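Given below, in the form of structure tokens, are the structures.
Consider the two complexes below, in which subunit A is the common component and subunit B and subunit C are the respective partners.
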Partner chain A sequence: MDFTTFLWTTLGAFLTLATFSFLYKDNPFYKLAEHLVVGVSAGYFVIIVWHGTMVPNLFQKLADGDWYLLWLNSTQPWYIVPGILGILMWTRFSKKYGWISRWPMALYIGIAAGVAVPLEMSNKVNKQLVATMVDIDWSNFMGAGFFDPFSGMASLLIFIGAVSALIYFFFSKAHTGVFGGVAKLGIWTLMIGFGASFGFTVMARISLFINRLQYLDKNWREAAFDASNPNYSFGFPLVFWLVMALILVYIIWELMAHLKHKNQTSAPQ
Partner chain B sequence: MRRQLPFVLVFLSGFFMIFQYFVPHQKSEFVYEFLLDWLTIIGGFAMALGIWSLIRVSYDRIKRQRENWGYSVITLTGLFLMMFFGITNWEDGSFGVYIYTAEGLSNSMFVHFFDFILIPIQATMFSLLAFFIASAAYRAFRARSVIASLLLLAALIVMMRFNPIFGAWIETVANWLMNVPNLAAQRAIVIGLGLGMVATALKIILGIERGYMGQG
Partner chain C sequence: MTYLLRVLLTLALLTGTAVFAQGEPPAVDTTLVDTTTVAPPAPVTGLTGKDRDNDHGHAIELTWTPSVDDLENPSGARSVLRYRIMMWKPTEAYRVDTLRQMYDMVRSNYAPIRVYKPLVDSALILIDQGMVDVSALPFEVLLPEGINRTDAPAEMMKYVRKALQDTLAAMTAQVDISKDSVKVFRSNFLAAVESLPEAFNANGPSSGHGAWDSVGAEVPGATFFRHAGSKEEVSPDFLPDYADLYYRVDAATSDPAVYTASDVCGPVQASGQWYNSGRTVVLISVIIFTILTVVFVQQARRGKELYVRPLAGIEAVDDAIGRATEMGKPILYVLGLGAASDIATIASFTILSRVAKRVAEYQTQLIVPTYDPIVMTVAQEVVKSSYLDAGRPDDYNEDIVYFVTQSQFAYVAAVNGVMLRQLPATNVYMGKFYAESLILAETGALAGSIQIAGTDEIAQIPFFVVACDYTLIGEELYAASAYLGGEPVLLGSLKAQDYAKALFVVCAVAGFLTLILADATGAHWLAQFKQWFMVAD
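Presenting the complex of A and B:
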């Protein structure tokens, strides 16, 4: 690792520590990281949308036309229409002409809603229903045991669980009698599902947390003291200890502010 | 004109997009692809509204020197630097501005800003959620009823599944929980979600849902 890469790694480590400092309280380091990520991610998003969407979908389609002919001589001149509609979105800045921005907005909403109807039915509803209503494998009903997720019994339980959970969401009929019993089974299925999803989410976050600690330890601290690195110099540990000193100064400053506040509040009136 | 025309546009464009799905013809497919391009293009222009709003709010805070205005300088600096690096490149020794080609995406400063600023902060922010959802769960999860106990038990088993203290059985049970009851619950939710999306889309196309139009 060369010294420039180490400086970038140090910046990443500093920003990681700055973000973690929110666990203590909202502080200047966290605010710095928070505002920096807002600006950088907005800039990144602009560039990705520009190079990934606007250039290939609009500008390249009109590239063979001439601007002084309003690109009407290009091979796909109809792409001027969404361009004009997009510009009309900017009338939102005007109080007088802001209502014009509703036209492109209406087309956007209409197209998106129209696309959603068949696609949602196909991708979410139909495919899930087909996957739920599979043939039960009676020859392998118990599989390798009760907890075998690929047995025939598991398929049956998935079918019963999904149907009962759907019945729970059906509020047009009172949840009483047999219907109420099935709905109760549905809420049990849902609660187990929510619990499992919650546990899975917690573990995913813990994995990210471990990853950040590994970054601090392996990528940053070890690189700061890795004498076997051919590019190693005294600058590596110096930068490391400078960041540590900065953190220490902040801790002392916070401690002094805390003690000062405590003395002020405990002083006799 | 101001209020009625947008509803007509929504109805016509929405109805057309549903209709064309059932027309297996090349021309129908062409119009479908073209209108999907519209979405991305109009969305790209709409993004400029958001960026302009961010710039205006930040600039206003700096100009009026409101509380913590210095952080707005950091926001704007990050924004403009990232946009600048994304359209420039000097890797081969000569500086160039590349607005219509993607050389900027391989600019080392653009890549470093992504790798050493964006990724560390975003990953750390997501990892912070581990602490917050754990403390929220500590307060919210109580075995007060059968269903609450099921929730608690399922969560505990899935969280403990890689813990070697409990042996192999916990991983077997956790896998079963994830692949059987959880799958059934997720299927029901996805089916419900799909039906809800279709219902909402139809309400928008038919002009029953008009919230997206805003006031005025």
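Presenting the complex of A and C:
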């Protein structure tokens, strides 16, 4: 493992630990990691947008796939229209012409809403409706050779759950009486669904946490603390003194924060 | 001195250029032949083709009856291992294919040649001026192992010069780099593509001017194939509309030489449709919903009182703003990660408008960090209008709404920082949220803020439910925007949604009961009710 790998792995480990340090409380190391990720990502996404959006969706369309053939008799010259609309957004920098930027925005939101209406109606209404019209398979009740209500009720539960949850989202009537009862059944159905979803997601998050621990345990340990590693002779002392320096920085920071707080509280009102 | 020079720069340009040597189209084949290993199987019968319905064109659907000797048919010889779908391509179509490949090559080589030719030119000038230092060239020259750069430098430069000249000649032989020539080449290619339907119509299989080309394959037992071509003229699988297309299906065996062709099917033409009849139910649903919306909006405009049941989360918004004012702390409003076109984000804009108006009236501080630049722009307009409505345009500050980053977790880190350092009294999360929901809500709870959340992202609602004081679940977010906004258009839409939901429930119950009745009574026509609501892809 070369020295560069050691350095970057150690930096990754430091930033991981700096982020986890937030579990104790807000501190300068967490702040450093936070500002670093915000700043780096902002710059990174400029490039991502340029290469992922501007080049393939505008320049390459105008140039039929080749930047250097830009404006060379494109078969899709209409792509210049969104380009112009995008440029109009820059009029926001001018107080006098800032109103022009509302035109592309209005067009964007209008088109998006227009596209969304049939799509939402199809996917979230019509298809859901068909899925709610479930056919009960009566043979399931006796599928195991004896009366088995749970196997048979699966379809029934889908239907009851969907209808009652829908009634919960009926806003034109107060949830009272029988209507309120059905709505309550609806919110119970929702909460059971949310519980399952919560558990599933927590498991996924734990796997992310394990992944970071594995990084520290495997990648970093191998890079800095493995005696068979040629970096060990300087890597371990370097990491050791780095940690010492960080602890010192933290102690100074805490001390200064304490003094500042003390001065503020003791200052005459 | 006989050593080879490898010039790193130029090698890449000399590769992958054997495209010009595209040959003539293959000759028309005859139905089979070599029967040394497998007997020729029985052919596919009843082959028919038609345009695919309800699409944008460029697709043909074929159906047939499998060969008697299909692997799936136990009574046959079971020698047919697959069906090869063949389409007749006139000679002109092969010529267009060749032109397309040349055009692709010109396009891909044009850029590097433009970049590297000036470098090679400048290197030749340096060499001609007597420069003998290889490392001074504007690119790296790799020498074979064992060759020392200091050995006979003048002699070595002679070889470098020759290598560069050869490379330059190869470059210009491949591509005429003048822009005009590329333009002419491109025009010729596009004209050839435009003439394709004409070529197809004039040169069917009976003309002999063309060849059968494989366009796909199907497994034994298959009776259907969809030949979906591309609509892009520059794409290799471009399938022209309104062109006479001919197909046949070969029953293929384990021996590539042994197969039996079906009768030719055609001509069939692909074409696009303006109206997708498989989605009529969506159109009807939209019309019904539109009528309901118009009726209720009109009622609301006429001043009719439209009842909307109170929602705890909505009621809490005003209280939370008041709390922040009393504490002298800011209100943090997070619009989520959605784009400005997302319904949840649009609903969130309405709620932001109401919150900003109250904030302006109470002269409290508002913080709106955003994830999307367009969302930021819209949010700025919304907040500005609200300050104007509240009669305090001077209090509006461009920095109230600001852009952070478009990286999900970097955005979360920044918002968390705001929560911990500025300690807002109230955090409002309305819009589209993803994996960051729990991180935001947990940090807000840690900072002691009152939290109100609302999203239509079902997977994220559980996290808001456990970590926030009030949560608007799914559609309650849209209801909140109507309730808070109080505008006739929004209230009317909310009412229309309610009635549409009632209609949905009625249809669902009716569909459920008709299916039960169809099973119980054997009247299967009742089950057709469900079919009415099916949406084609």
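Everything below uses one rule, namely that the second predicted complex is superposed on the first by the 192 of 269 C-alpha atoms of A that agree within 3 Å, B and C clash if a C-alpha of one lies under 4 Å from a C-alpha of the other, contacts with A are read in each partner's own complex, and residues count from 1 in each chain.
Simple rule for what comes next: contacts are C-beta pairs under 8 Å (C-beta built on N, C-alpha and C of every residue); 3 or more make two chains touch, one makes a residue touch a chain.
Every value quoted in this text rests on a predicted model; they were computed, and no experiment measured them.
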{"item": "Per-residue contact with subunit A, leading partner among subunit C and subunit B", "value": "B"}
{"item": "Which superposed partner A:T53 touches (first subunit B, second subunit C, both, neither)", "value": "first"}
{"item": "Touched partner set for A:L32, first subunit B, second subunit C, both or neither", "value": "first"}
{"item": "Touching partner for A:V117 - first (subunit B), second (subunit C), both, neither", "value": "both"}
{"item": "First (subunit B), second (subunit C), both or neither touched by A:A174", "value": "second"}
{"item": "First, second, both or neither for A:T16, with subunit B first and subunit C second", "value": "first"}
{"item": "Touching partner for A:D217 - first (subunit B), second (subunit C), both, neither", "value": "neither"}
{"item": "Contacts of A:L166 with subunit B and subunit C, given as first, second, both or neither", "value": "both"}
{"item": "First (subunit B), second (subunit C), both or neither touched by A:M89", "value": "both"}
{"item": "First, second, both or neither for A:V125, with subunit B first and subunit C second", "value": "both"}
{"item": "Residues on subunit A lying within both footprints (that of subunit B and that of subunit C)", "value": "31, 33-34, 37-38, 40-42, 44-45, 49, 89, 92, 102, 105, 108-109, 112-113, 116-118, 120-121, 125, 129, 132, 159, 162-163, 166, 169, 190-191, 193-195, 197-198, 201, 205"}
{"item": "Contacting residues of subunit C [partner subunit A, same complex]", "value": "107-108, 110-111, 114, 179, 182-183, 186-187, 190, 233-234, 279, 281-283, 285-286, 289, 306-309, 311, 339-341, 343, 346, 374, 377-378, 381, 404-407, 409-411, 413-414, 416-417, 420-421, 438, 458-459, 461-463, 465-466, 473-476, 479, 494-495, 498-502, 504-505, 507-509, 511-512, 515-516, 519, 527, 529-530, 533-535"}
{"item": "Subunit B-touching residues of subunit A, taken from the complex the two chains share", "value": "8-9, 11-13, 15-16, 19-20, 22-23, 31-47, 49-51, 53-55, 57-60, 63, 78-79, 81-83, 85-87, 89-90, 92-93, 98-99, 102-121, 123-125, 128-129, 131-132, 146-149, 154, 157-163, 165-166, 168-169, 186-203, 205-206, 208-209, 211-212, 215"}
{"item": "Subunit A partner contacts - residues on subunit B that touch it in the complex", "value": "2, 5-7, 9-18, 21-22, 34-52, 54, 68, 71-72, 74-83, 86-87, 100, 102, 104-105, 110, 112-131, 133-134, 137, 146-148, 150-159, 162, 172-195, 197-198, 200-202, 204-205, 212-213, 216"}
{"item": "Contact set on subunit A toward subunit C in their complex", "value": "26, 31, 33-34, 37-38, 40-42, 44-45, 48-49, 64-69, 72-73, 75, 89, 92, 101-102, 105, 108-109, 112-113, 116-118, 120-122, 125-127, 129-130, 132-136, 138, 159, 162-163, 166-167, 169-175, 190-191, 193-195, 197-198, 201, 205"}
